[in-house]
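Take a look at this one; I'll ask things after.
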Amino acid sequence: MKIDRRSFLAMSVGGAVGTALTPLPWKIQDDLAIWTQMWPWTPFPPDGENTYVNSVSTLCGGGCGITVRKVGERAVKIEGREDYPTNQGGICNLCASGLQMLYGPTRIPYPMKRLGERGANQWVRLSWEEAISMVAEQLGEIRQAGQPETVACLSTRPYGSMPALLKRFMTAYGSPNFMTTPSMMDAYDMTLKRMHGVDGRMGFDLENADYVLSFGSGLIEGWGNTVHMIRINSKWKDTNAVLKQIEPRLSNTAAKADQWIPILPGTEGILALGIGYVIIKESLYDYDFVNNFSAGFDEFRRAVLSGYSPGNVSKQTGVDQSTIVALAREFARARRPLALCGRGQGTVPGGFGEYVAVHALNALVGNINRPGGAWAMPRPEMDGWLEPVLDAPAEAGLAKPRLDGAGSAAFPFAGQLFNRVPVALKAGEPYPCQALLVYDANPLFSMPGSGMVREALQQIPFILSFASHMDETAMMADIILPNLSHLERWEDVPVTEGFHRPMLGLAQPVVDPQFDTLHAGDTLLQLAAALGGTVAASLPWENYEACLKEALSPRWAELEDRGYWIDENFTPDDWSLAFPTVSGKFDFAVSGADLKTLFAMTAPQGDDGSYNLKLIPYDSVRIANGAVGSPPFLIKIVSDKVLKGKTVLVEVNPETARAAGFGEGDQAVLKTPLGDAAVRVHLSDGLMPGLVAMPRGLGHTAYDRYLAQKGVNANDLIGSVEDTASGLDATWGILASLVKA
Amino acid sequence: MSNTDDTKQVAVDDRDRVPNASETGGPIILFFMIGFVLSLVVGWVVFPKLLYSQKKQPIDFNHVQHMELVDEGCESCHFFREDGSFSGAPTLAQCIDCHEEVQGDTPNEIKFVEAYVQKDREVPWLVYSKQPQCVYFSHVAHVKMGNMDCVTCHGHIGESTELPIYEQNRISLYSRNIWGKNIGGFKKNTWDRMKMDDCAECHVREGVRQASVQTGKGGCFVCHK
Amino acid sequence: MKHSGNFGKPKRYGMVIDLDKCTGCGACMVACMAENNVPFKEDESKKLDSISWLQVYRLTNGKPYPDAEVCYLPRPCQHCAGKHEGHSPCVSVCPATATDYDQQTGIVSQIYTRCFGCRYCMGACPYHARHFNWWDPVWPKGMEKYLNPDVSARMRGIVEKCNFCFQRYQKATEKAHAEGRRDLEENEYQTACTQACPAGAIIFGDLNNPKHAVHQIAKPNLKKGGQPQNPKAFRLLEELETNTKVYYLSSKQWVQDAIHKPHLLDQKEAHH
């Protein structure tokens, strides 16, 4: 038998026919089709039992109730908790992105020590025992040397058990330098103290107000509790309450307001005085309140009438006289009018005079401690703890003045002035800072004048960070003892920012710790134990949970059961009891302050005549700019009119841009006395001429590739300006110019 | 004239071959048959063996033995959660109720307790009927609302004393049970195959939400996500 | 057992969005991305290739300072019914049967594994509601843990869009089935954006059901292609007769006028 070409052909044909009669071709085709439809590298999230865990978000000061959906052990979605009194099911964009923070690559996975230069982001892993003993040794040496006051501690939130525990640690250690990052609430605290005579916090019954004058407050952008404020805005639409937004830029709040009143930046307080002028002049004020429950009205009246006529005010503020008069009449005639201030999110307080001027309007119309008005509220206290034990070195340290000068003769009413610390450190007054403990704060990024802050931090020999995420300040640290993430830890969350009911939420762990991290409370207790002596005796708890339970003991059961505690029936004191001042009345004269100086506008930095524009920062509702950086989802929803590629767009009025020769999207260099930055120009009819507006929260150098190196940090270009009357940071912007790139 | 010669030569050759044709026809058919049979063998026997990888379940589970001990049949272990979702393969937490300690002395039992229970590790069961990610399947719709038996789709797995080998398609990564054990895709029983057509067949027959504008049959989102 | 026709009256799930209340905060967009496994990449500022099922547009009245006004407009998929139920612009051009109109719910579905990426539907959609995956999604290490198992992750080369969180309908239906019910209560099926909106500006429900808030507010005239009878309500590009299921409310005339101009929607802008 000869095997030739034909035989092979025959076999192939047979093979082809045979193959066609097998499932092989059809099956392979089907499988390949499936393969192309479902690449094996496309993630296939595992399913499991669905559970829902209630907690409270600590990502911002709002403290919203959240419900986290879990599938098996994975947290898959954060939603607003429907029965939570403040947010009632709503959620903000930051909180909704929270899982990207929990699981994201910016988490600090274990305790570590710096290698190489500060900020070089090179670390070596430490065990917890090593790390704690290293820190304890450092702090122990400083204390041993009799300089405990040279250790400072910074937190973002002033209230709650964690700030209280840090403060207690500092007290027992012997340092008066527990500080929180500046906020409008500092200014409001001062306002309460000096006008009401109350040591407390300000609350606003916004729900029941029917006419709101907002002097630049970003009610939608994150002033107070974001979600609560947006809910209230909707309620105002339903009840036809009126919102007048006074600010230079057409913000989201201005867009939702019934009227946007553009005003020259920094003159908001002056407008308030102009409105006060009309109210006084036309006798539109509340006679009962002013005559029977206030003191110092004559001084106030004299100060206002002497310089704040609508004509004068119009010139200074750029607001029409007729508008000033109309606002005054509407405000005074409304049933429950309310005036608010604190620019944007209120992260930079502004001058104290502004607060006095604006709050005086509430007093003029008698809307103090009344429905729809401004309420003096008690501060949340940690009533379950005993007093800390102090030894002689602690007593001596505590007797020293504070680094920031708060409570000193110059600033007797200030609680804290962290904005003054960089200047103080530079001057070496009153003493150098040897160590800084940073908890839940990122001052290097979030405070105006970041260059100065960086210099200050460089001067501090030892920085300890409790950060959960690698932010700018953590990158400057010498040792990081990473805290659990916001969804892994217990924490009490007092709802304070402007809320008008005493309320406390309880954050609880939603998932098990994902990394080798420890609750900062536990870290602190271990540090105290390692330091020994009275420090250990003052922080005697076995763990943070025990300490928290004790702090909240009267309410613990309710907190654990319901997740929050609220005093629904809280009402502020009646006028006759409300003002523990010397006179027992509301004090228009601000406890003897020189009103004329107080009301003077704060001049911007660096007026050498070479700048023709003013740069104002603005808070965007879509960019996080506090202790937490924007997660990827947040950056994703930022407009391409704000961020394009890696370049930030600054808003400029078309008229101003044209005069300087700029069109839409043009590249430019923005110059201020503090530095230059490459930007693009976005023409906006929603900005006063002569201004340049830049969002806060961009220009990160830390975090991941989704956030870092995008845009410019406005705080690099805008410095801190001290309010001489109060020591508060009165910055509202800076002189600037735009030149061709 | 060489052309003529050549033609002749060819003609001669042809003539020579004619008687041989019947002799050589055999080998050609033979080769055809060899190719034919070989490819059939490859297609029906070798190909399925190559196409599927075989995996043994981590623990050889005896359904019969467990069925004797429980009151509610399949639902005793494969139950519905309160939200209507189906629990699927039991988790360790369910097994621990009885298997905290070693029961009896079978090697399987010892392995289960030592490797999983004591180490608090979930058993990585291989799920024969696992559908791809794009498929949405509601057990409760079929079992509670459609009154279907488990057997209709899953066959008599509940009457088995040991678990079959899990076979996975090397290309599509599907379990073999989706296409069916029969490589030809022929099915005799309702539980032989779990492809889209099998779902649609019943849905068309039962008139389940025949609301699609494109196909006039079931809406895509009835079974997809 | 036959149970044909036992699936209740056909629903027309739809939305009413109150533009007077919408603050442009973008929580809806984030909630949508978190719910639906929407990926993200390093640069999302090129809005043409940035996938966001729900887009909040920023409309301006076009007037110069100081008379400029701004209105925010969230735009999910409009779930067009077209001139006759199911004649949606996208469904009618899909050659792959990847997008479909479900007459039982009125939802325009998108099956990713079926789509081969021709993008006819993107060309046909007058609302820019559809997005193409130019790249495979990549989640940074660890982040894949938050993915929702009820929504399949997409692969490159396919089109995706808002589906009114249909997985939530499926989930709610499962629960109803477990309780022996076929029909859902209004609150049982709500989209992620509706649930998240801090302003309460988004309302979702069955437009066919007179008891549902969406029906009561929009007052759709079912004889006239669903046109709203509430004078404050309008739909996007009504003149195209797409018969959409997303109704908008605004008390401002310029907003009601602006939305008839498609070029305003051309600026793909997710505003601050």
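Descriptive notes on the structure:
Chains here go by letter, A, B and C, matching the order in which they are written, and residues are numbered from 1 within each.
The criterion applied here is as follows: a contact is a pair of C-beta atoms (placed from the backbone, for glycine too) under 8 Å apart; a residue touches a chain by one contact, two chains touch by 3 or more.
Model, not experiment: these values are computed from the prediction.
No other pair of chains has as many C-beta pairs in contact as A-C. The most distant chain from chain C is B, comparing centres defined as mean Cα coordinates.
For the pair chain B and chain C, the distance between C-alpha centroids works out to 38 Å. For the pair chain A and chain C, the distance between mean C-alpha positions equals 33 Å. Our note on geometry: chain A versus chain B, Cα centroid distance of 57 Å, whole angstroms. In chain C, the positions touching at least two other chains are 112-114, 153. In chain A, the residues touching two or more other chains are 37-38, 42, 44, 47.
Within chain B, residues 83, 85, 132-134 each touch two or more of the remaining chains. For chain B in complex with chain C, the residues that touch the partner chain are 80, 82-85, 132-134, 136, 138, 140-141, 144-147, 206-209, 211-215, 219-222, 224-225. Of all residues in chain B, those touching chain A in their complex are 24, 27-29, 31-40, 42-44, 47, 51, 81, 83, 85, 87-88, 132-134, 169, 171-174, 179, 183-185. Within the complex formed with chain B, the chain A residues making contact are 1-3, 6-8, 10-19, 21-24, 26-28, 30-32, 34-35, 37-38, 40, 42, 44, 47, 49-50.
By the touch rule above, chain C contacts chain B in their complex via residues 1-5, 7, 10, 85-87, 91, 94, 97, 99-105, 107, 109, 111-114, 150-153, 163, 166-167, 169-171, 173-180, 182.
Chain C contributes residues 18, 20-21, 23-27, 29-31, 33-35, 37, 40, 42-47, 50, 52, 56, 58, 60, 63-72, 112-114, 136-137, 139-149, 153-155, 192, 195-201, 268-272 to its touches with chain A in the complex.
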